[in-house]
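Common to both upcoming complexes is chain A, partnered first by chain B, then by chain C.
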Partner chain A sequence: MKEAQQQKTEYYIHDALASDIQDSDAMLFYSFFKTQVGQQVTVELKNDLAIQGVVESVDQFLNIKLRDIRVVDPERYPHMLSVKNCFIRGSVVRYVQLSPATVDTALLQDAARREAQPVAAPARA
Partner chain B sequence: MSFAPKFFTTAESLVDSLDKRLLVLLRDGRKIIGVLRSYDQFANLVLQDSLERVYVGDAYGDLERGVFIIRGENVVLLGEIDEEAEDALPLRQLPFQDILEMQREESEKKARRDKLRFQLLHKQGFSVDFADNDF
Partner chain C sequence: MSSSFFGGAGLPDDPIARAREAYRAAGGGNELDTMLESMALNDGLGDQLNEDRDTFNDETFDAAAGDIAGTDFDFFQSTHAQQQVQQQQVRQQQEQQQQAAPRKIMTLAELEAQLIPQRYTPAAAAAVSPAASVPELAKQYPGLARADPETIARRRAARLQKQEALARYDNLMSQRDKEHIAGIQVSQLITDDPAAEDFYCHMFELSRGAVAMPGPVHQQQHQQQQQQQQQQGSGLGDVPDVAGAVRKALAQASAAGPGAAAAAAAADQGPGRSRRSNTQSSMARMQQQVQRIVNEARRRPKAPHAALEGALGRVSANSVRNPKQAIQVQRGRSGSAAYDPRQQQQQQQSPCDPGAGPGDSRSPATERRKTLRAIENVHTAVLRMEQLIREQAHVAQDPEHPAAQNWLRAYAEAKESAWAELGASQPIMNTYPHPLVRFLGFSKGKRIVPRLARHLSIDQVLALTTTIIANFESLDVCRFGGFSRGAGPAATVQQQHEETELFVRAVLPPALAFLSEASLEIVNCLLALFIERNNVAWVVRTRPALVLLTVALGRTAALKLAPGEDQQAIYQAGELYSHLFATLQGSLAAVFPPPASPLDGAYAWQFLAALALGASPERQHALVAEVREQVLQAIQAANSGRFPADVSAAITANVNLFLNALGLDASQIPT
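What follows is the complex of A and B.
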């Protein structure tokens, strides 16, 4: 299970790096969130609303689609009572709380280091 | 190295939400419920047969709004409304005028509470920032 997750992660990070090397657009978080699809997360928004749900999909703007949602403080947000799935605009997210078991930190650190390198290289040439 | 713009295929798509009744939460705190007819990459939306729903206490009121075009930067989230849950809402619906009344009372009460809080904090040496826009 852990290996499958690791393979997924490696694939996505490789996918991101295989594209144009001079492209400094960091797709690292997009790739990282793609590995979180199917995992339960809690998204805290800038308006203090916190929504727990399973990640259905994510896109390049880090918009997140959650299914089977549960609002953390339902009394304050009665309008969310009849909502089971939602699309959250990336720009309004403050935090995404995840389970540490689903994250391979060594792989992430590695990918982050690799993303930083190509930006340094052209400066020397 | 190519200079061509990158077109990433997005796993994300609102196409599944088209022609569905959605709840749209806006940055100014408004809740708009309508049928999603169109969208774009900025999450600009076109909603039809929309209404603005105001919640106060255990009640809510609707105001007919017709067709709405919402600029994407104001969108917080889109929620798919589960029709069964809608019918079983523990809240009661009131005419919009009554809801407006209740809302006015609520905001007056809140204003008085905030004023008191600000005064207390001020005595302790805190300065409260009152940005009255988003959320």
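What follows is the complex of A and C.
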């Protein structure tokens, strides 16, 4: 039923003339991080700063807001001593370290398959 | 300064003033220049001194400007009001001067200067009145830590000033402007199919907390959760969470329609009405507003590319959903070693000739890839079926209705494709290893089988069980057990354990459930198939085989005792049992796994118990004779003090499984 509505070509980078734009696989990360709201994570940035905090919110660009933060290596980054909340732009994040108990891997696999499906289906039709 | 005490001012000291005098003397002053100069030098105070930084007044006379107004100390008669009036006059003057100049495009500052006086005065007049006098404040908040009225007054004045300064920029955008901007932002977020995009989050929340059905109740719980989070969070207070409100609004719009919004708002008023009614109503208002914006944005979907006037070509509106193209790739229909649907079709239609597909090389790599592709197809089909089941609630129940028929057709189609890909229905003799066996060789395959089995019909489950039994020895889990039991590198042993565990936990239960419900004839047939096709003595060393046999034998025994069974079937069962026993005789001790831990052999004991159920006395003797060593060892281990009490109790219980079936008990054995 869904497949009938789509006319998307295979990859997420699609032709400019495609008539019907569907979701790219970027939304899976957004959906995933929405479930992490309220969990404690450690965000490692591209400038090697690692911040541990509770995820307060996340948006479609994967910008992350953390509260009650603690810098993992305070001696190197003393300027963050007084900071309690921060907003991290999504493009500077290198890693986000999570706790495994908060992730449902089977469901994640299913969600990834669903994201990949509309891409793959027309190739074989 | 150069103005001496006695004389007048000669040349002023600073160079700027000197230059100015020189310029004027040289006749350089015309009207425009003087106008500009007066504008630039004008600070709007007239004859008064600039008293911004003059705190002398406060400290000396113990009052702020606001307090002086109207009292005896008000030397300038209503200091504050006069200041305001003067400022207004200055601004009007400026306006006139600007309008005198030719009409030009106004800068932002000038725009503001025009707009602000209209908004400033009424707001300022309201804000000036002091909130509460100091003694009243002291009564209301005894805990307020402050020194003295002077500090309070100073702080209040500072606060008022800040308020005024900020109030200058109020109400610059109209409601329509704000909604326009909000609409642009929301249109980036909205989706046509929240179920597809937000799948992980939605299902996760369903499985973890929100046990209720989706729809208004879900929204209610979600709202409450969110509010709790907000209240615990960084003091967002009454400001509602826009993203959350958008999400809720979207889910509402997609699921239940406009009635849900009112229902949710009304439902929210119920619990905690007294405490949270303000937040709730503001949330509800916000939600309705967002709803309106969402509907607007939905009505006019923004085209991803807009051709602006005067621009050459198209301008694309990049959003998260259509990211900027990095490379353009043309994907060709290359067959090569990749999976080809036509090949699979041919394979199924000509089962006698599986290797005859065009370009089919049948190398191990090809086989592997084909199997993996089949697994993925089954996954796709199962996901579709599960999605259809979820949507079933919304489809009309009337079987004649076309929507219901569509649903049924889609469901049947998905089930067929899954069944075909699974390969359980492929004839048994031809390919080695059997496609189903290869399918189950991957842990992905093992995991999907129970999910698929939920949708299969009884016949299909029977076919699946039959195929598994017929090919039991070639299953990967059985090959583990046969060869390296405890030998080999620890990583592979670990992996083998995991695969075996997964098999027993995932693949066997549907088959076992089927067995436990099956009739005696079927059980007999399956048992016969098992014995015939597999080398029983060898396969019995593996745990999956033992589990299967245990259930089969248990079922047989239960059915024999049940009244009204066919005599023929019972007789056959007895024959099969003898045959099995004869085959196993001599190798029963090998049933036990190498003693990695004392509790490992539970399944072995269960098997022996099942075996003992149907045994005649002489067979029982033979049984006991073979496993005597194991029994004694186990009881000794349990009774010796080497293990903690619960472990010993567990060991004893295991042994008792077997002994009770014989009519004995562990306590009877002298040790």
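Just so we're on the same page, the second predicted complex is superposed on the first by the 99 of 125 C-alpha atoms of A that agree within 3 Å, B and C clash if a C-alpha of one lies under 4 Å from a C-alpha of the other, contacts with A are read in each partner's own complex, and residues count from 1 in each chain.
Definition applied: contacts are C-beta pairs under 8 Å (C-beta built on N, C-alpha and C of every residue); 3 or more make two chains touch, one makes a residue touch a chain.
Note that the coordinates shown come from a computational prediction; the quantities given were computed from them, not determined experimentally.
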item	value
Which of chain B and chain C A:R114 touches, first, second, both or neither	second
Contacts of A:P78 with chain B and chain C, given as first, second, both or neither	first
Partner chain in contact with A:A106 - chain B first, chain C second, else both or neither	second
First, second, both or neither for A:F32, with chain B first and chain C second	second
Chain B versus chain C as contact partner of A:S57, first or second or both or neither	both
First (chain B), second (chain C), both or neither touched by A:R89	first
On chain A, positions contacted by chain B and by chain C	21-23, 27, 30, 34, 37, 57, 59-61, 84-85
Residue ranges of chain A in contact with chain B within the complex	19-23, 25, 27, 30, 34, 37, 45-49, 51, 57-61, 63, 65, 78-89, 91-92
Residues on chain C engaged by chain A in the complex (per definition of touch)	188-189, 191, 193, 196-205, 207, 229, 233-234, 241, 243, 304-305, 314, 316, 320-323, 325-329, 331, 341, 376, 379-380, 383, 406, 410, 447
In the complex, chain B residues that touch chain A	1-2, 6, 8, 10-14, 17, 23, 25, 27, 29, 31, 43, 53, 55, 60, 72-73, 75-83, 85-86, 89-91, 134-135
Complex contacts: residues of chain A adjacent to chain C	1-2, 9-16, 21-24, 26-28, 30-32, 34-35, 37-38, 56-57, 59-61, 67, 84-85, 104, 106-108, 110-111, 113-114, 117, 123-124
